[in-house]
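Look at the two complexes coming up: chain A is in both, with chain B in one and chain C in the other.
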Partner chain A sequence: MNEELQPAVTALKERFDARAEEFRGQTTLFLPSDQIVEACQTLHDDFGFDFLEVETAVDYWPKQNPRFHIVYQLYSIQKQLRIGLRVPISGQTPSLPSLTGLYANANWREREIWDMFGIHFEGHPDLRRILMPHDWEGHPLRKDYPLGYEEVQFSFNAEEIDQDKPYAKE
Partner chain B sequence: MGIEQKAANLGFATMRLEQAVNWARTYAMWPMLFGLACCAIEMMAGQAAKHDMSRFGMELMRATPRQSDLMIISGRVTRKMAPVLRLLYDQMPEPKWVVSMGDCASCGGIFNNYAIVQGVDEIMPVDVYVAGCPPRPEALVHGILTLHEKVRGESLKTWA
Partner chain C sequence: MLDQREVSFNELRHLVSERAIEGETMLLNMGPQHPSTHGVLRLLLELDSEIVVNCFPDIGFLHTGIEKNMEVKSYEKAAVMTDRLDYLNNLGNNLVYCMAIEKLAELDVPPRAQAIRVILTELQRIASHLVWLGTHTLDLAAISVFWYTFREREMIIDINEMVSGQRMMTTFFRPGGLWRDVPVEFEDAVRQFISIFPKRIKEYEGMLSENPLFLERTKDIGILTSEDAINWGVTGPSLRAIGVPHDLRKIEPYSGYEQYEFDVPTHTDGDTYARYLVRMEEMRQALRIVQQALDNLPYGPVRSSNRKFVPPPRSELGTSMEAVIHHFKLWTEGFDMPEGSVYVAAESPRGVLGVFLESDGGPNPYRVHWRTPSFDNLQVLPVLAKGHLVADLVALIGTTDFVLGDIDR
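On to the complex of A and B.
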């Protein structure tokens, strides 16, 4: 682990229930969902992590429970340090507090997570779909969402597929 | 002596009205600026100096559908974009033609999933399909020439 990160990691381990993991020089801290905003506030104010680089989610269904991990990556522009945070969360419509009060660019990222995974963010000013059409049902990047592909037309089934396919007439 | 030869001796060139109309439509077809994705780059390359589409009358690409004749759909069409595309197609005045450029516009390309329309002919009638990912500018020019042949063969009743 980068030695300059050590004070930040130690502080977070003391104040919150953080568990640290390190892989190939990258440090990741696992936090519960109700402490994430305070942890990011601490990192922002006391340790100078002023840039939210990454905020995405992963779905590990059905292999892992809890199913979703929300992944954050904070960067300190002054010290050039990166730290990763993960929040494991589960449920059909899970919910956790939003980081928009702290980092303004979390706005669209959380909208994307809502659109693709169905994870609700409390305190988000404008949580609606951003990539899919606004009246779309379902959250596409969940592992139990169907792939939605069309059957490939080979020579033996081309005519059958052709008859069912909706062509525009005029 | 037929009337054509008589008129030609007097200095008049004669042709059928259908031929004249189709010739005019072919050589002044203004495409609509509709580049969606990577194929748009090849369309721009087709419009640029080396492969010049303004040789065929497509000097300007109109951004407004109200003043364009041809819609070259270059790129993937998402389900979110599909109603917009249909709206723009409906806003074009007749006569109008559609060239589906590239694999994604013709059949969905490599993207066989929930988000991409599997071929733009699910939304609008297409005249010429140009295959390629992306098609070279020469392939697009070949598609335009195929469209020209199609237009030359049209009768007046098609758009009357």
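On to the complex of A and C.
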């Protein structure tokens, strides 16, 4: 682990139920969802992690508990350090506190997670769909959301497939 | 039709001020099809006469589901989609995606491949800045600059075509190196560009830097403080124009950037003119890097010889059974990746471009997330635009230099 990162990791382990993991030289801290805002506040105020670089989610369906991981990458412009955070949350009514009070750009990033994964952010000022149309049903990046595809037409089944195509027929 | 409008206004009702609901200010829709929004971006503007009170970007018109699509393709096939994200920085996207795979798989990249990657991404950076300069000044009603910048961009695009056969969607960088070595004419073409381009930058600066009309339109427009910029996640030239020398090529050098001498141009004003100066200087620095990389271009292989990830050359297939097996396996199923997740970032012309890559041990990426610089740089537009005239909003859209394909993914 990067030596400069050590104080932040130690402090978080002491104050919160954090567990550190190291992979390919990158440090990731696992945190429970109710502590994420305080933990980020600590990192922001005491250790200078003032830049939210990434906020996204990973879906581990069909596992239900925890089905999702919310992934954060915080960066310190001053110290040029990067730390990863992960928050496992359950698949039933997935919800966690919003970081918008701390990092302004969490606004759109959390809207994107809501849009793509259907994860609710408590305290978000404007939680609407961002990339998909406002009346879209479902959350496309979930693993149980099918990737639509077109069946290939061969000469033996061309007409059969053609019948199911949505375009107008004579 | 009426229903549709009702829905969209009610949806946005909580965002606009009280005055808009009482009808004192005007709500105006700009885009999604508007020449100065640089793609399909819709802006909902709340205007008090000509002054922007509020501005709400509405994105997603170019959403192509690339992150979802990549999950069902093998790692190497998914690389094709990375070009389509930021279509002015295709090679930069290839690079960061390959870097993520190389980090996760602990795959080596030969020095020649590294140097060619640097040359091509720096040329791409110049090409991207040239598009920015042309369209930005076009928005400010200086039409002729556009023709000059696109003339030089064409030279870079021709180099892309020479090495990869494609003008823009090259997919030239592959995990472990390059698709193939560059042709012999490559060096001459790049040297010709290096000899011509410094004069051309002077030409652009002669047209703009002291042009009173340009100064009037850009000085003191859209000033951002460094605290705000960092809080909003702004990166790239916009951040460097406020005096924060944040450039990943210097901070955490990748692809051998530590070997090259270059400066990170910064400015302190943080306005549209400062961003213009920073980008102009960046083009010069990019050229410096290209020159150095070309002068010290090492010889050798351009792809790793790790056969578990990189297909063998065609010549081996006739003599080695093992090569046939590797060839077959890599082109049908792809390679299995170690389980785990990495985050890799690089400096694109627009800022920090990152890839979060998670693998479940199979041949397809389990999750790919793109941290795209345009996404955050556009998000700050309402902050920049507040209190400016609509005409200045056009200048601000230009100076932000976002690419909608990068935002909507």
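Keep in mind that, in the parts below, the second predicted complex is superposed on the first by the 164 of 170 C-alpha atoms of A that agree within 3 Å, B and C clash if a C-alpha of one lies under 4 Å from a C-alpha of the other, contacts with A are read in each partner's own complex, and residues count from 1 in each chain.
Definition applied: a contact is a pair of C-beta atoms (placed from the backbone, for glycine too) under 8 Å apart; a residue touches a chain by one contact, two chains touch by 3 or more.
Computed from a predicted model, the values in this text were never measured in an experiment.
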Which of the two partners, first being chain B and second being chain C, lies in contact with A:71: first, second, both, or neither? second
Quick one: classify A:140 as touching chain B (first), chain C (second), both or neither. both
Touched partner set for A:51, first chain B, second chain C, both or neither: second
Classify the contacts of A:132 with the two partner chains as first (chain B alone), second (chain C alone), both, or neither. both
State whether A:165 touches chain B only (first), chain C only (second), both chains, or neither. first
Given the touch rule stated above, what does A:63 touch, chain B (first), chain C (second), both, or neither? neither
Across chain A, the partner (chain B or chain C) reaching more residues is C
Set intersection of chain A contacts, chain C complex versus chain B complex: 131-133, 140, 145, 147
Please give the residue numbers of chain B that touch chain A in the complex, ascending. 79-80, 108, 112-115, 118, 121-125
Of chain C, residues touching chain A in the complex: 7-8, 11, 14-15, 59-60, 63, 65, 67-69, 71-72, 103-104, 106, 228, 230-233, 244, 246, 251-252, 340-343, 345, 352, 354, 356, 358, 366-367, 369, 371, 375-376, 379-380, 408-409
Going by the contact rule at the top, pick out the chain A residues touching chain B in the complex. 131-133, 136, 140, 145-150, 152, 165-170
Listed in rising order, the residues of chain A that touch chain C in the complex are 23-24, 26, 28, 50-54, 56, 58-59, 71, 73, 77, 80, 82, 84, 103-105, 107-109, 116, 126, 128-135, 140-141, 145, 147
